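Pasting the structures in now, so scroll down.
Paired with chain B in one complex and with chain C in the other, chain A is shared by the two complexes that follow.
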Partner chain A sequence: MAFREVLGVYKDLDTAVAATDALADADFTREDFDVLTNAPYPEGAFGEEPGRHRLFMFPLIGAASGFSVGLLITAGTQLAYPLVTYGMPLLSIPPMIVIMYEGTMLGALIFTVIGVLFESRLPRLRLGVYDKRITAGSIGILARVPEDRFDAAADALRSIEHENIVLEDDNGDIISENEPKGAQA
Partner chain B sequence: MSSHGHSVPRVWSLSPREIAADGTRRIGELGSLYRLGLIIAAVLAAVGVVSVIAGPLLQGYSDRSVWTYVTAVFFFLMSTVAAAPCLSVALRLARGHWRRPVNRVAEIWVAALIVPAILFFLLQGTHPTSEGRSSLWMGWPGAPWLWSSIMMIALVICGYAFLYFSSRPDFAILRDQVDDNPNGIFARLAGTWRGTIKQWAVHDRGLSYIGVFYVMLFVGMMTIISSDFIIGMVPGYHSSIFPVYWVVTSFQAAIALTLVTAAVLRKFGGAEKYLELDQFWGLSKMLLALGLLWFYFWWSEFIITWYGRMPYEVNFLRFFFFDTYLWLFVIVIGFCFLAPLLGLMWNFVRRSYTGPTVVASLVLIGILADRIRLASIGYTIPDIYESYFLSVPDAHYPGVFDVLLTVGFIGAAVGVVLVAMRFIAVPSIWEMTGGLWLRSQRKYKKADVIVIGKPE
Partner chain C sequence: MQERHPLRGEAITRELLRPLTQTPMVFWIAVIILGAVLTAFAFAVGWMFYWGLGTTGLNTPVFWGFMITNFVFWIGISHAGVMISAILRLTQAEWRRPVTRAAEVMTIFSLMTAMLFPFLHTGRPWRTVYWVFPYDFERGVWPDPRGPLVWDPAAVFTYLTGSTLFLYTTLIPDMALLRDRSTGWRKTVYTILALGWRGNERQWKLQLVAGILLSALILPVFVSVHSIVSWDFAVSLIPVWHASIFAPYFVIGAVHSGVSAVITLMALMRWLFGFHNYLREEHFDSIGRLLIVVATGWIWFFLLDIIFAMFTRDPRELEVMHQRIFEWPYALLLAFIFVFAYIIPVPVWMFRKFRRNIKIMFWTSLMVNVGMWAERYWLILPGLERKFEFTFMWSWYRPSIVELTLIFGSFALVTMLLLLFSKIFPPVAVWEEKEGVNFAQDIQVGKRTVHATIREE
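Presenting the complex of A and B:
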């Protein structure tokens, strides 16, 4: 089923929370809407679904990969070309630890940067349904709903005092009901 | 005034719109003083570049002592510019609220990390192979150049990633409110940031992870620097305490740099609404604690050598502290330990703008003197391959180029930060706004107090 997005822009926290209540009254669930803000609010302030992500996996995988590469470079080369000096152990562990530490940190760092970009879906080409007023301090309630319930969501968002309603039309074009600070494609 | 005798910060009475508008105004209206500072910094940077070319680079790498002051300014910048983001990370992890205006003041210095990074690669030519002498690397292939370079590159990548991810929500604010150009720099930097719940959750976690990695890389890099540039260059000098002293004093310098930057921004940067007594008071307490730690780590190292009293240990003491570089050491102990102790032990001094700023300025001078002393120790010993430190070299005094390049590269670092402030809001807009929901100003009988919400 096709989904469409509609955004209600509200002046303050009270009207934004009222808009989420209006969506709930229209039988929409917490999974059906998102909140756009210019600063982080305490989790659950809008009764929204918590932002789930798997970012913690990225540094773990990166660190394991980096550690493995460090171990391979250090222990691998010493075992591949064994040179016993004065009867000392073949593996010189203290300097190996330094290089394995570097590998672990570098791997964890690179994977975390990739993870942050991936998990926040930054490589998108378009902003989509959006309003510049959000970064000036307004709050956006973004409903992503099936085609057949789109009008109900838009009406619920309109029912609360709002600054703007931005929506996708049937052709996927973005329409702002209150220009000039309208939608950004 | 509250019952503590300090004023309730004005910023918490502003609305989110007022904070956003003020932040965008500060970016848009950088005045004539800013331009003057930028011109001075650019001139100093040019002087620094010319001095390093005309001085050490033209003389080559055969005599390491000509690189002493390049090393000193590299040490100083690593101890200040590169250490400052660690303060931001620590304050973030502690989740205090007074730190919100301070975070960006500390982490903006990471923008200048490119300056010590360039100096680091210039200094790679001064390192002999690690074979045949005491070294962290024990003759490992490619050491010390390859492995320390990888660490430095990782630190630089991590530092810039930390600054970028921390600033991204502010870039989105500037994209929408300042620069209408869809292909402008703010649009490119912000990307498609919309501020969804998930984006904020990933932003919060990601910033914590990258920040922690930065601190871990910084501590590792400083350990390598202390080993390669100082411990490994002094015959018979084996110390497990020195790297800790090196890192702890860098944290002290980071707090001092943040305090001085905050004072400058308060006076000239239009940030007086954000950087109030709360911030100066909090930072000055940390500066006092780090001043005491300075003495603890210095004493721990000193007392072992003093009790040992072998001939080469007596030479260490004469060279490091009591003979060759006595006056530098007097400045160091006076400014890094006595000034914080005697100045900041008084609450009325800590609870002021001037007191912490003056002490922090003295600490920065002390740290510069300490880094000059340590660079001089590491770079003026004629034969680093001896087993023991049997003769004490003469003191190394700076020439004209040494003075010019020291001032020049510090100016270059300040210049890079000034350029960064053209694009990055200091203090952070999103972080200040995020603090509004959790604080409110209330009357408690006749006093004004702040009520703080703790959602986690």
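Presenting the complex of A and C:
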């Protein structure tokens, strides 16, 4: 089933929470809409906490990859041209640990950032349904609903005093009902 | 206690984005002066590359001089940035908000500058490509990971990459803010860097988790980097370098100079950008208290290093330590280090009214770093200025005008990069300040109102 997005932009916390109540009254669940803000609010301010994530897996995968690369570089370079010194073992473990440690941490750091972007669903090539007033302090309630319930969601968002309603039309074009002055500047 | 200053959302944005929108005359004066110093720096680099290392004061057996001293100094400065940011994030200290961004940026620019110096020091930097590829392609002779000079780039590269990613992750929401407020080429740049950020609950949740996770990962790296830098010296057989205490000693020295540099930077930002509502006396007070502990830890390791060298009764160690403590110019330098890095600043920081005096904090933090630069020089040079047992070589080191220009140029480079950063990106995290407002709460206790902050577990 095709989904469409509609965004209600509200001036303050009270009207934004009222809009979420209006959506709930129209039989939409918390999974049907998102709250867009310019800064984090205490968890649960807008209802349920956001969905689960698997971010903690990423540093572990990165650490394992980084360790392997560190091992490959240190052992590989010593084995590539074996230089036996005073009959000592070819692979010198203590210095290898230093490089492998740095490799492990580097892998964990890089994969954590990849994980943050992946779990945040970034990068988004198109902003889609969005309003600049959100970064200026307004609060957006973004409903993503099936086609047949789209009008009900838009009406629920319109029923509360709002600054703007932004929606996708049938062709997928973005329509802003109350374009802010200079928004396209 | 957290002091409350009522700030509104739009006012926060307007004030914190002021450096991007307004350019005071002093900014242009600074750019012209720094540009002139950087031109001299570029000329000195070109001169040295053309005529060779003979233009420096380096000569057998003293092959590590001002450039390596400067490398160690800037690595040290880079340490406090991420340390402050990471520790304060992990402990959810409220006063971190205006400090973290500038500290992280300072880390990156200091590290970049630090990395420049070992390359310059080689005299023929393009030949360092051998460190990455085999020395001899035909026979496949690879760089030897057993040498500390291979560990060093590995550690610094990890730290630089990690710090840059750390900074970028926390910059994304502010990029979205700038994307929505800018035009022209700036809008294009911010749109690309914002990655399509919309600020939904999931993105904010992950932003906060990422801050904690990356902090936890970068702290061990921060400790490892300066440990490994210290091993450049400690794993050699040079007397007074060959000390097992060097790793923690270097790390705490780095924290001492780095945290002081954060204070210098905060005072400059407050003055230049008018961030009086954000970089407040309470922040200088908090960091001042932290510095008393750090400085006292550093002086302990400083003394231990001397005591351990004398405890061995090794004639080579004693000879160099005698030179360090009693002979010109190192005796004077030792007094200079003590006075500048501890004896003056720490007693001053003991008093709350001085910790809350921005000018005093600025000058004392600057003194610490002058002292700490001297300390790096005092640690590195005397061990090399002696007669070597097998070659019977001996010489003094006197820095040349080329090296002096490089040192001043490095300071100009970091300052210039910080100034340019503040013209393109907010030097204080706007979203973090707004988060602080959202999490602030006033609790009514009888007739009194008590300031509180919501803290998430």
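One rule holds in what follows: the second predicted complex is superposed on the first by the 154 of 185 C-alpha atoms of A that agree within 3 Å, B and C clash if a C-alpha of one lies under 4 Å from a C-alpha of the other, contacts with A are read in each partner's own complex, and residues count from 1 in each chain.
Note that in this section contacts are C-beta pairs under 8 Å (C-beta built on N, C-alpha and C of every residue); 3 or more make two chains touch, one makes a residue touch a chain.
The shown structure was predicted, so the numbers you read here are calculated from the model rather than taken from an experiment.
Once chain A is used to superpose the two complexes, chain B occupies space that clashes with chain C.
In the superposition on chain A, A:K132 makes contact with both chain B and chain C. By the touch criterion defined above, A:A80 reaches chain C but does not reach chain B. In the overlay built on the shared chain, the residue A:F3 is in contact with neither chain B nor chain C.
Once chain A of one complex is fitted onto chain A of the other, the partner contacts of A:E119 extend to both chain B and chain C.
By the touch criterion stated above, A:E102 is placed in contact with chain B and with chain C alike.
Shared interface residues of chain A, touching chain B in one complex and chain C in the other, are 34-43, 49-51, 53, 55-56, 59, 77, 92, 95, 98-99, 101-102, 105-106, 108-110, 112-113, 116, 119-127, 130, 132, 134-137, 140, 142.
By the touch rule above, chain B contacts chain A in their complex via residues 15-17, 19-21, 136-138, 140-141, 143, 147, 150-151, 154, 157-158, 161, 165, 169, 172-173, 175-177, 191-206, 209-210, 213, 216-217, 220, 224, 429-431, 433-434, 436-438, 453, 455-456. Residue ranges on chain A touching chain C, taken from their complex, read 34-43, 46, 49-51, 53, 55-56, 59, 73-74, 76-78, 80-81, 92, 95-96, 98-99, 101-103, 105-106, 108-110, 112-113, 116-117, 119-127, 130, 132, 134-137, 140, 142, 185.
Only residues 9-10, 13, 134, 139-147, 150-151, 154-155, 157-158, 161-162, 165-166, 168-169, 172-173, 176-177, 179-181, 183, 195-210, 213-214, 217-218, 220-221, 224, 228, 431-432, 434-435, 437-439, 454, 456 of chain C touch chain A when the two sit together in their complex. Note for the complex: chain A touches chain B at residues 13, 34-43, 45, 48-53, 55-56, 59, 77, 92, 94-95, 98-99, 101-102, 105-106, 108-110, 112-113, 115-116, 119-128, 130, 132, 134-137, 140, 142, 184.
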